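Could you have a look at this structure, given as structure tokens, before my questions?
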């Protein structure tokens, strides 16, 4: 559902090459029925299905798993019904990632499906793989939160214990903003430019704090400032933490390496080296580097906002929920 | 007038550093009055004037020269009145560049100011400098037509005499499309992309044919296909003409060099070399290269669509109309 | 062989997700042995093999199929030996695409393996699929030639019969130039820029003429001028042909549609529409559009120079040679 | 001197439109004499001088003011001699910005002109305008240091008094790295990419600490991590400081506004707003924004690394040294 946006299209592309999945329904909120390649010419001879207006009965008939690639506040109109009908549901919006009161505060709108909020498992496999396995409803993490959570999971406990508030400077490509005709997203306004927005005031902050607090077992606060990069895909988060009271550099690196050694989609850079966005663009990987210099721990994480930051992770969640190879459709 | 669009803002910038000009009025069609830097922060401490809604009486009171950086079909609502009031008027739109019937055919709308059409001088200094000198009303050329006309002026006579129809493959940066919130001009849709549009069907074709026919003294036909480059500023036109019946390469190059030797804003590349868009970006120059290879004449011209292709040429026209140094404000 | 260049790395990536292939050897000309991900961090947890210096005996032992992603003039040092040892060989360089005399004229160097030249099948599946099926040695086509050949194959016969010489204006991304530290390929020199090079004088001209002449059954001449786009991947060829003497637009479109209806990697745009580079980037497709306007046939073809223009087509050739599904590893 | 690099060429361009300057000598380290436009075609019909090999006698004869746009370690071979001969010297390299011992530690090479180190005035007009006025030798600040120093000057005293160490996350365009054929600066490696380098370990750190300590009157330490943006021109520094112990947001903003009210080239954004790189690209301005959110002061400064970060500031220094209008040649 919602296949004309960027995350919808990316999900379709992952599923098109998935050996255990067959795409049976493509839908959107408001368009007349059209052949999918007439909207996305790149899908010609790949996915030639018709894309029609959302019809929950029809979707329920045709699908075992439903991906909701809908805007925030729209997903919650549909997700509950699909869950009730026994579908496996993966929601890519922010609608089921936060407690209702926090959601309402940061998104400035009432939550209309509180009944199903508690049934949604937060779909970060590196944190919740076991819960995801048994789940029928997954709230797929946001792009920024995934990039920050994976960068801090190994030390979330120490951060929380010490009450240290990491400073996170993130930079994202333009597809993270979705497919909107917005003046400040026009090519002439973005190319050769770079800008900061919603400094320490972004609606992803409660999600970041929530997942890290959950991992740490106690409250943890972060400072988070995003920027817009003149690229289409990719996020880098550069994170700053005072080194005092933390293990030495080698030990920190070892903590990360061990934590992620068996993870299929997280890679830790060699000691002192940092990953670049190009290393992960068009992949489902999140790469992480750690360095200690002049009294500061600096952690850099990169991922593709449309894959590990959205659609790739959604398909990864489907793989876990359905017992498929976790990497299927994603390499 | 129209200072919030790209050509309007560029004109303001040229005038801000012009020794003989003082900006006295900034206006737009529909906005509430605002300080200009609140729309264009780049103009802070440079042009701090208020930008208000178009008021012809007020503009007439304050200005000797008026630049119309308005969309096609809007300029013709105002230009006539200003001309009647004795202002020097430079119109950057396409409204006064073509005979009424041709205009109406290609722009699909009635011309509402035919009375002043014949008073407008086509403002290409390299063709019409003497006429511009005495003019009070100038139709400033289009960006593509300037790039093509300057590339073909030296051989327009031969082309027309032989009935040869040059094939023109042009490529433009995105600011040529103006400041519009259009889906296919979003950064996510333009970056890493390249597309062809209005192939041999673009509304600049009659302007190109008109100026070249005028230079040749007889009718001349061209084939013109534009493309959209993932850059903000700059146009390249690559032009193909069968060599048969034309002078040899050296002589052709000499014709161009001599024609443009004293022109302040046209440069001819050394024999066999071609100019690049970077050579002219942010300048008022048009650079031209000529090569003969395997029976084909290949001519490449480049210019900055916002300067020599619009605002720079408009200020150049003001300089000629007012008897200023032609380069003032433009180097 | 040659896995640190762009086409080498892209081939590795296609093979990494290929169900019928297993990568057993990665080699380069001059480097010390290193883990592949230390050169290409993107390949971490994907292809962790060591990359060592070329050793033909070792390669012969380990491989059934060998891809040569080596520079021109280097491939011919190795290809013959591998063919003699019964390996299936796919050469991505230009060394085996042309008759020796033509090669020597355009590449300015002697051909040192004339003995195997005639055994190499030109690997354009849309022209030579049957020959490729039985071949053990394939000369993989160049990126520009593929984009032009597929655009003109359906009308090559008419062109040759009429002696019409199409004018081809091509534009390529920077990876087409390979991984070279060249001053004019630096980011600061390419970004915001666009340039024309080797106008009607490029070493791909004989390959284009050769493949089209072969398809037409008689000699055919083209005019070909490439340009450098500020993008990494993708080629567009815009081709101009006088319409006189050709079938009407609808019939032309039908000729293309029918010719390519069953081709897995060629798509024809709807009548009057043109494809964009973004439609084919990161895919093995070549998309083609045809339009007739004002007496001119305009054909636009786009492909990804690293996939259908190089590595993707190489793997496609392997699939045909080995009897695999032609699309395996490529969707 | 050094006019073929990016800062050299930019200086030439500023001087070419300067009403009080005449360019009399262009020189480089190693090239044969050539007309300047044959290296920089953009300078055709603007600066047609010959560019020859450095000859100090010749330069001394021809010039009153000499700009050294040479690499670090090269400037100190020439600067002293020119100063001794009574020339006004402006050095754009890092050679005279630091005490000898600090220089030698961070640049890993001996300083060979300690004699003149103490005569060089650090050319940040907003800090040292009076000293620059009387100076004959100016060490022009680095691009990152200028962006950070201007962002922190108004609160340097508080920072030092409290011992607070600001965390600085900077992002620069590629021309900041100079005109080098370096593998990781190739277009194919930079486009669509973003990377962090020399995290808290960059040779500009001592310069930043030195200028801020000088302004504060006591030692001040910073944490500085730069990144490479896929743009050609522009730097943004995002700076994080805990708000505790600092004045409230409105008062902070007022401190900045008042400090810079009369500065010709520093602009403070409205409260809560941040500047973008596009606001200052191709200008000599440094724009600064301040925001307080969730207990953190966030300061964003932007400038064009080739203008206010190098050549523009160099010409500004010449203007001050020579008693010209400080803005001449720079608007």
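As written, the chains take the letters A, B, C and D, and residue 1 is the first residue of each chain.
Keep this in mind: contacts are C-beta pairs under 8 Å (C-beta built on N, C-alpha and C of every residue); 3 or more make two chains touch, one makes a residue touch a chain.
Please read all numbers here as calculations on a predicted model, not as lab measurements.
> If every chain is reduced to the average of its C-alpha atoms, which one ends up farthest from chain D?
C
> Which of the two pairs, A-B or A-D, is linked by more C-beta contacts?
Of the two interfaces, A-B and A-D, more C-beta pairs touch across A-D.
> Quick check: how many Å separate the C-alpha centres of chain A and chain B?
46
> For chain B and chain D, what's the span in angstrom between their mean Cα positions?
Once rounded, the distance between the two centres reads 36 Å.
> Roughly how far is chain A from chain D, centre to centre by C-alpha average, rounded to an integer in Å?
39
> Pull out every residue in chain D that's touching 2 or more other chains.
Within chain D, residues 189, 191-192, 230-232, 276, 278 contact more than one other chain.
> Within the complex, which stretch of chain D touches chain B?
16-17, 41-42, 44-46, 192, 264, 267, 269, 275-276, 278-280, 282-283, 285, 287, 331
> Please name which positions on chain C make contact with chain B in the complex.
Those in contact with chain B are residues 167, 169, 171, 189, 191-197, 199-201, 205, 223, 225, 227, 229-234, 236, 238, 240, 274, 276-278, 281, 291, 293-296, 298, 300.
> Name, in rising order, each residue of chain B that touches chain A in their complex.
Listed in rising order, the residues of chain B that touch chain A are 6, 174-175, 179-183, 185-192, 230-232.
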